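Labels run A, B, C, D, E and F following the written order; every chain starts at residue 1.
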Amino acid sequence: MKTALFPGSFDPIHNGHVDIVIRATSLFDRIIIGIGNNSSKQYLFPIDKRKRWIENIFKSFPSVSVQEYQGLTVDFCRKVQASFIVRGLRNGTDFQFERSIAQMNQSMDSAIETLFLPCKPELSAISSTIIRDIIRHGGSISLFVPDGIG
Amino acid sequence: MKTALFPGSFDPIHNGHVDIVIRATSLFDRIIIGIGNNSSKQYLFPIDKRKRWIENIFKSFPSVSVQEYQGLTVDFCRKVQASFIVRGLRNGTDFQFERSIAQMNQSMDSAIETLFLPCKPELSAISSTIIRDIIRHGGSISLFVPDGIG
Amino acid sequence: MKTALFPGSFDPIHNGHVDIVIRATSLFDRIIIGIGNNSSKQYLFPIDKRKRWIENIFKSFPSVSVQEYQGLTVDFCRKVQASFIVRGLRNGTDFQFERSIAQMNQSMDSAIETLFLPCKPELSAISSTIIRDIIRHGGSISLFVPDGIG
Amino acid sequence: MKTALFPGSFDPIHNGHVDIVIRATSLFDRIIIGIGNNSSKQYLFPIDKRKRWIENIFKSFPSVSVQEYQGLTVDFCRKVQASFIVRGLRNGTDFQFERSIAQMNQSMDSAIETLFLPCKPELSAISSTIIRDIIRHGGSISLFVPDGIG
Amino acid sequence: MKTALFPGSFDPIHNGHVDIVIRATSLFDRIIIGIGNNSSKQYLFPIDKRKRWIENIFKSFPSVSVQEYQGLTVDFCRKVQASFIVRGLRNGTDFQFERSIAQMNQSMDSAIETLFLPCKPELSAISSTIIRDIIRHGGSISLFVPDGIG
Amino acid sequence: MKTALFPGSFDPIHNGHVDIVIRATSLFDRIIIGIGNNSSKQYLFPIDKRKRWIENIFKSFPSVSVQEYQGLTVDFCRKVQASFIVRGLRNGTDFQFERSIAQMNQSMDSAIETLFLPCKPELSAISSTIIRDIIRHGGSISLFVPDGIG
């Protein structure tokens, strides 16, 4: 059984994330969306809300599930028996950052492979950072996130 | 009448900003320098000082004015009837970031176009972040900002 | 009167080019699409065809015209009294290349300013090089170029 | 059955290619190494040699096979029923180029997904271009290619 | 006597730093590892620990010494009579950032030259930021730092 | 004695090259400008002219000399006992390319170190490719090259 982890903060999840997960379902038997919860980090939305939103979005996708995790991503991979990490790439700056993370993860556990999917062009500008910024400035984020979020 | 917004924090304004605005005056009938004021952000210089500096620098440029704004940049564009946003580009990392912002803004209001001017090479290393760093370390910033700032 | 040059080989013109020109019409009184004709370069399509296609596409845009030119782009700018060069940017690699050209042009004539428009995300993968490649492999380019081209 | 195409010129195949294919075997039931043969292109090694080398390298990998193809990559994907294209990424410049190709391919056939694997750091400098250059200058390429090549 | 400064926070020093310093010893008569200490910044490790670690690592390198400094890097260069600043480059994003700093430093003191060494590929993913992240998540950093650190 | 090689085609040498060599003289006892001569490549200027120009430019720099070479750069380094290769970096695309070459060279001879100097901003747009292009279009290159070239 091929299991992949799609890790992130998902503060909040947006259309770019959703697209990557759906496209990845054709590749994997099981996809776990792992919400990394870092006690030293400030989130805009509480973990429960972030988790419930994701569960709702993917409730019709039996191979997709959500879990919260703490600690290292590679440790969580081993715990859930995921041999693959999936990440979307928006641009070249993204790639340089993600490659370092992938390389460090592979140093820590050579059995874990990171795969990249290029974001769809019309979704490649969306980031949770920009979305939180729009929320703080009182704008509408409905174009960038699934229904019911925010 | 062609109106452009040149948005930023201008904490403080520097020679790179000034060059972009002056070059943009040949393109637009009216340029509004919009000082985004974000209550959750810490600034080194108070908004009044940042605004007064800019007013002084451009007092001989009748088409250039300064305004403070809160909220989304696209909302402010509509308020001041600016159809264009002007941004300087220093390097490839800049471009990847600015393109996302431009694309998000166009999603929110398709009538607003973002234009990029390449920074002059001899000014392309200057950033407000580095200038604030020099100030904190007790260095002189006179090479990088117009007279009277800092 | 604000005149801009949009220079290129246009071998052939594609939807990405067309979008940049149309968006630029809101900024300039006159846009000249300049087909650089370099005797040492091999083109897939003859200059007459490339020119006729562009004329057809923009026949309902009175401010847009087409001209062939040889020699330096800055010399042609002076000849047609264009103070601006307009270029689309697809990605960070593009930017690094285009910035060098813009900087060299400004060294040769400081009165000529280069403006960049970010390509629309859904058009940012299209290039004449890839289109010629599709043609050589017998594929259809109709998704990427205006009607009647190829 | 999940089938992936790993397309390229393989002029010649090198250790970076081999690593990507082997890592991809854990993801796919079948991997077809597709040698694109472009009549207008000059190759250093004849197609028969390039093909035989690859067959030898992967003879102990039952899920890996080699085929020559002409025409568009998406057409060849349909012919061999591959829903995935796999590519290695060496650096940010690579990504910007590969993303355009992936996006064009998806425009031509939305059922075809491109996946990227980051090259192992110690292999990320190797390219067929540099290898051909070393050969032309009389150097040894044995560090960069499997035994028996060159 | 050729003296170079290798500036940084070293919070903590890692194998990538160590490799750059050792490679630089073949170029310079004296290398000063300068620990920039910024009162407004939060460090994971106290300055004394950071300094002692570095002293231990390089105790068998007579040309390498460690000093703490505050204030501008160019001022510290003048104080210790270093005409060169040495920096490692991991990737293109790094370069764009480091070039700006180098350019600003040269504006402030034209006698100070910045040299870049490319990080070894197998070390190019390591950063102090990622290492601190691993520590916070309870992981082992022993692969990425010299013995005795963390 | 510290010897560095500054390799290139120098077709023709330009102000960007000259600046790097002069700045490198403060670091090395001997700098050899190596003109790589590749029989399969077409040059605009014959090797004798390229060599004579460089000799003239650096005739007052006793530590700088010029040699033509064929074959691999690392082989030439060994022949002239150069332990260092010096290269200028103009932008991030440059860096990604140069890093691969440096890494391949170090694989072939681990004793050879490549150093990068960032080009001065006002010289960072100049390339021999653009200069040859200006020449072909009948433009003047006097701004970009030392006196007497072209």
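Rule of thumb we're sticking to: a residue touches a chain if its C-beta (ideal position, glycine included) is under 8 Å from a C-beta of that chain, and two chains touch if they have at least 3 such contacts.
Note that the structure is predicted; figures quoted are calculated from it, not measured.
K.L.:
Suppose you hop from chain B to any chain it touches, then on again the same way; how many hops at least until you reach chain D?
P.N.:
Each step joins two touching chains, and the minimum needed here is 2.
K.L.:
Half is the threshold here, strictly exceeded: which of B-F, C-D or A-C has more than half of its contact pairs identical to A-E by residue number?
P.N.:
Interface equivalent to A-E, from the options B-F, C-D or A-C: C-D.
K.L.:
Taking each chain's centre as the mean of its Cα atoms, which chain lies farthest from chain F?
P.N.:
A
K.L.:
Measuring between Cα centroids, which chain is at the maximum distance from chain E?
P.N.:
With centres defined by C-alpha atoms, farthest from chain E sits C.
K.L.:
Between 0 and 180 degrees and rounded to the nearest 5, what angle rotates chain B's CA atoms onto those of chain F?
P.N.:
180
K.L.:
Hey, how far is the Cα centre of chain C from the one of chain E, in Å?
P.N.:
Taking the mean C-alpha position of each chain, the two centres sit 46 Å apart.
K.L.:
Round to the nearest whole Å and give the separation of the Cα centres of chain D and chain E.
P.N.:
The answer is 39 Å.
K.L.:
Round to the nearest whole Å and give the separation of the Cα centres of chain B and chain E.
P.N.:
33
K.L.:
So which stretches of chain F touch two or more other chains?
P.N.:
Residues 91-93, 96, 99, 102-103, 121, 124-125.
K.L.:
Can you identify all of the chain pairs that touch?
P.N.:
A-B, A-C, A-D, A-E, B-C, B-E, B-F, C-D, C-F, D-E, D-F, E-F
K.L.:
Under the touch definition given earlier, write down the residues of chain A that touch chain E in their complex.
P.N.:
38, 40, 70-72, 74-75, 92-93, 96-97, 99-104, 107-108
K.L.:
Can you list the chain C residues touching chain A in their complex?
P.N.:
Result: residues 91-93, 121-122, 124-125 of chain C touch chain A.
K.L.:
List the residues on chain A that touch chain B in their complex, please.
P.N.:
For this pair, the touching residues of chain A are 90-94, 124-127, 130, 134, 136-140, 143-144.
K.L.:
Would you tell me which residues of chain A are touching chain D in their complex?
P.N.:
Touch list, chain A to chain D: 2, 23, 26-27, 83-84, 89, 91-93, 95-96, 98-99, 102-103, 113-118, 121.
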